[in-house]
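Each of the next two complexes has chain A plus one other chain: chain B in the first, chain C in the second.
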Partner chain A sequence: MPIHEKSLIRPEDLVEGSGEAHIIDGVDVSGHWSTFIKSRVVKDYNEDMEAEIAALPGGEFIHRCWQCGSCTNACTVNAINPDFNPRYWIYLIRTGMEEELLRDKDIIWQCVSCHKCSYTCPRDVLPEGVMKATAHWLELKGHTPKSHSTVFDEVFAEQVIKTGKIEEGRVLRRFLTRTGQPLLQGWVLTMALRMIRHFPIKLMIHMGLANFIHPRTSGWGRARAAIEEYVEEQEAEHRKALKLDQPAE
Partner chain B sequence: MEQKYKKVAYYPGCALEGTGHSYSRSTKELGKALGLELEEVKNWNCCGAMEVKNVDPKLQTYLSSRVMSIAANEMGYDTVMAPCNGCYHNLKKAEYDLENDPASVEVVGKLSEKAGHQTYEAGQVETIHALDWIKDSLGEEGIRARVKNSLKDLKIANYYGCMYTRPRHIFPEKDKGEGSESTSKPHYMDDLLAAAGAENVDFPLKTACCGGAHTLSDSDTSTRLVMNLIRAAEASGAEVIATECPTCHSGLEMHQIRAEKQHGEKSNVKIIYFTQLLGLALGLSPRQVGIHENVSDSMGLLKEKGLA
Partner chain C sequence: MSKPVLIVGGGPAGLSAAHALATVGQKSVLVDKQQTLGGHPIHSGYAKLVPSGEWARDVIGAMVDRVEQNALVEVHKGTTVKSFAGEPGNFTAELDDGKSVEAASTILATGFTHFDSINKPEWGFGTYPDVVTTTQVEQMFSSGAGVRCPSDGRKPKRVAILLCVGSRDRQIGREWCSKICCTVSSNIAMEIREELPDCHVYIYYMDIRTFGLYEDTYYWRSQEEFKVKYIKARIAEVTSDGEKLIVKGEDTLVKRPITIPFDMVVHAIGMDPNVDNMVIGSIFDVKLQKHGHIEKASTYSAMSGTSRPGVYVAGAATGPETIDDSIAQGQAAAMAAMTHTVPVKAAAE
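Up next is the complex of A and B:
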């Protein structure tokens, strides 16, 4: 009997070939057969995972999910990478299967926030938010380093909090520097040159000056102080919800 | 009936002061040509774009609420027009949250008080997109009556992107039947450009994603998504992709170049803001609507079509 959906089985659990001596889990299974699927037992449930992710912004409504799969069906990223599967990850989080989730830890941050999932979800889970919360959870727990997306968000938010406004060139440079990428990659350079060729002088001067005289919202100081205090409080709450600052037992 | 949106508060946002400058320029020129007055929101701040919400969604709500508070409480407006999809989306989202989520109201109240300005209250202003602004003030008839230089023979794929229609609960005025905008099949841009004489192609990816949120942090994905859009537009017979969002617009331009440089994938379709196209139809010059500021060089095509 052929196994049609081999793609659904982990490659390392598939044993193919026959006629040779095979021992699986200490049992001698030598003989003539086509494919063996090694059995696998999940016993390391993380029962806190759902509550922790729900405590981070965006994850609040994960409990509403009834696994219809509309999110994955609508997903922009799933269309180009079938491993990107919001429905499945929500299932893993809700059942506490951390080890399974960690197998996909390096792609969860790739959600592009197109909101197709949130548009189509019949239960208002807001899966886009769950993706963001999960990506943050992975980073806060130390399972993944900060993704380029998170670094970009931080560079961007830092500038907004500091001045009230954004100057794109400055965000770009900071982001490339902080992620260790060369400032003048081929295509960035081409883009910059085309911009210089097409942009009016006045605008170029404006954008150039923005490197020295940052565009800012006047009288922003009080807003900045209030926001910084608020963000700090929120961060402390997230760490507490994830039990990050407690001494190890 | 009195004309709608004769004078509204204008929130350009950060992108329109930088890479999206031609969108701002053409929007303002269009307003002048149509007799619609815009007054820029005083001392505005960034709405948080697509990034601040990932640090804290309620902070993004506060940022957007401050802009609306200034328009309402300091300038006395009841309408804010934001041409940028990101700004438009965030102001709508803030409006929704402040109407429905007490926790957001509390955070916004606290931050506004500490920052020393009046707290925005849900319902004080209506946020509209540049598309609503023109469609609801003049309508297709109004445009048709003013066309001096028809976009005849120009084949256009209308691209709306993500933030203009999704998620739909933050746009309560859409999906209200005939005449209203649709979140599944938006048509305002199609309607306006058709009124200006253009031939809209049947473009299947009107609301697909360009990967704008990861334009720099996951460039390969963005390039793939953009090329998907560009290939579909070309397959539909489009010569131009009309845009209504500076992130989409510069993302399309940027990744069109990147695809060619990194993967040798050449494409020809031009990327032009819908406000620029409408401006040209109303008889404004390419320079007035900032065609020369676009990275995507469309002068050749516009000359060929008798629009420049």
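Up next is the complex of A and C:
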């Protein structure tokens, strides 16, 4: 019998015979009809997952979810990509179906933080926060590389923590370098050309100088120490919750 | 002197009716087939009650004491009614201890019978010792022993509670919702998490019916404060790999079959009609409704009534009922039963 609904089965779950000797579990099942579906049974729950996500910022209220689907119905990204389903991922995390979650690791980070879900959720789960925590979890566990937005956050935060100030040019340069992008991109050139056209001489001198001089907010030292201590504390807590022995970076 | 009211059954509804009647100076005769009063909350060893959180032996026990110490209530324990005849205001009941009771009216507070899980063999009760019922878990708490696997006394690390065992199931002729099991199960789940914080509790449900004010205090609270996990699945079968119980089913929200190991499986058993209802119906000549519960007269015109004038009904005898509502219905039935105890002439004047 042919499998009529083969399209509904994930390709990696199909085992197809080649017509030659095809043996599954010691049984010869060769023949042109020999298409089999691998077992898709969920065999156990990873009971640590929910607590791990809940330990990361944004994930605190994941345990409130009762699967009504309001978040997914409201979701901006879901309207474009039906596979983007916060309701489903929250369920997988809460029940501990890790393998299932990892199948979607390359789309979970696509949340645009529009917060429509946060406003519609009847149980105040804050699904946007859960998406953020989940993306972070995937990075910390090494399932996904750091997303560009994470790298941007890091570059931005590093500079603020160091100097108490933000120098846009430098943030941009570091971000592009760290994410392996060319410094001279079309949009960067366009921006530079337009700036030259308006010739905001004071700003340009300022930006130029900023490459050599890194001014700090006066008396920043104590604030910096406090912030660094706090960030270290937080990161240590997250690593502990996720049972990561090595520092995240 | 008016005749007493005959009350059959000394559970929450019957105790409430007897107390209500005594409060207004009306005599009653309370008959219970058990050797002690209190009904299921006492005989089945319930622990903390919903929604008060008070121990059954304390609060239902107090209802028992209050009735037993009241001179206006004549209590017959270990006794049943053998025959019953007469008209409203003038009934005669023969008890099986040989005594005869003249009664103005009667209240049937005959309650229910717990569903016997053996009738759902695919869920492992009777086959595996670590498959238990909600009643057994109540007893584990009320005895002070705590929740332990009956097979070897170990503390379970993972417990599954299966809802709707003996309810909402045409296969076994139970077409009703037993009303209390969702709330009782979420209460038990919280109690387990409180006693054994390392134990994960999963509730497998078709719908969650923690109705009314139980929504936030039981369903929400069990999720939000006690991290109880709810999974929408009707379990297909409970088996064993020799070490753990294996629960099989479909997780409907992810459209995937599941085969999950558990230390303990709890059946949230439903409320069957009292097994004696056929006998009770025939002795008192009252109709049973299609599922075998005692049929109620119109709530709007004849609250607490049955198909026979002068015979009233209260509590779970009419269908699945909560303890609180059974107590309320006991009072309502007492009021209705008084219609026949007050001389008609005096009442008219």
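The rule is simple: the second predicted complex is superposed on the first by the 203 of 249 C-alpha atoms of A that agree within 3 Å, B and C clash if a C-alpha of one lies under 4 Å from a C-alpha of the other, contacts with A are read in each partner's own complex, and residues count from 1 in each chain.
As a convention for this text, a residue touches a chain if its C-beta (ideal position, glycine included) is under 8 Å from a C-beta of that chain, and two chains touch if they have at least 3 such contacts.
As the structure is a computational prediction, the values presented were derived from the model and not from experiment.
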Combined model on chain A where chain B meets chain C, clash or fit: fit
Greater chain A contact set [chain C / chain B]: B
Partner chain(s) touched by A:Lys38 [first = chain B, second = chain C, both, neither]: neither
Touched partner set for A:Glu47, first chain B, second chain C, both or neither: second
Contacts of A:Ser218 with chain B and chain C, given as first, second, both or neither: first
Touched partner set for A:Arg103, first chain B, second chain C, both or neither: neither
Contacts of A:Gly169 with chain B and chain C, given as first, second, both or neither: first
Chain B versus chain C as contact partner of A:Arg10, first or second or both or neither: neither
First (chain B), second (chain C), both or neither touched by A:Val160: first
Shortest span in Å between Cα atoms of chain B and of chain C, once chain A is used as the common reference: 17
Residue ranges of chain A in contact with chain C within the complex: 40-45, 47, 50, 63-64, 66-67, 88, 91-92, 94-95, 97, 100, 123
Complex contact set, residues of chain B against chain A: 14-15, 17-19, 21, 43-46, 48-59, 62-63, 66, 107, 110-111, 114-116, 162-163, 165-169, 183, 208-209, 211-214, 216-218, 221, 224-225, 253-254, 257-258, 261-262, 292-295, 297
Chain A - residues contacting chain B, complex: 57-58, 76-77, 80, 110, 112-116, 118-119, 124, 126, 129, 132, 136, 147-154, 156-157, 160, 164-169, 172, 175-176, 179, 186-187, 190-191, 194-195, 198-200, 203, 206-207, 215, 217-220, 222-223, 225-227, 229-231, 234
Residue ranges of chain C in contact with chain A within the complex: 158, 200, 220, 223-224, 227, 229-232, 251, 253-254, 256-261
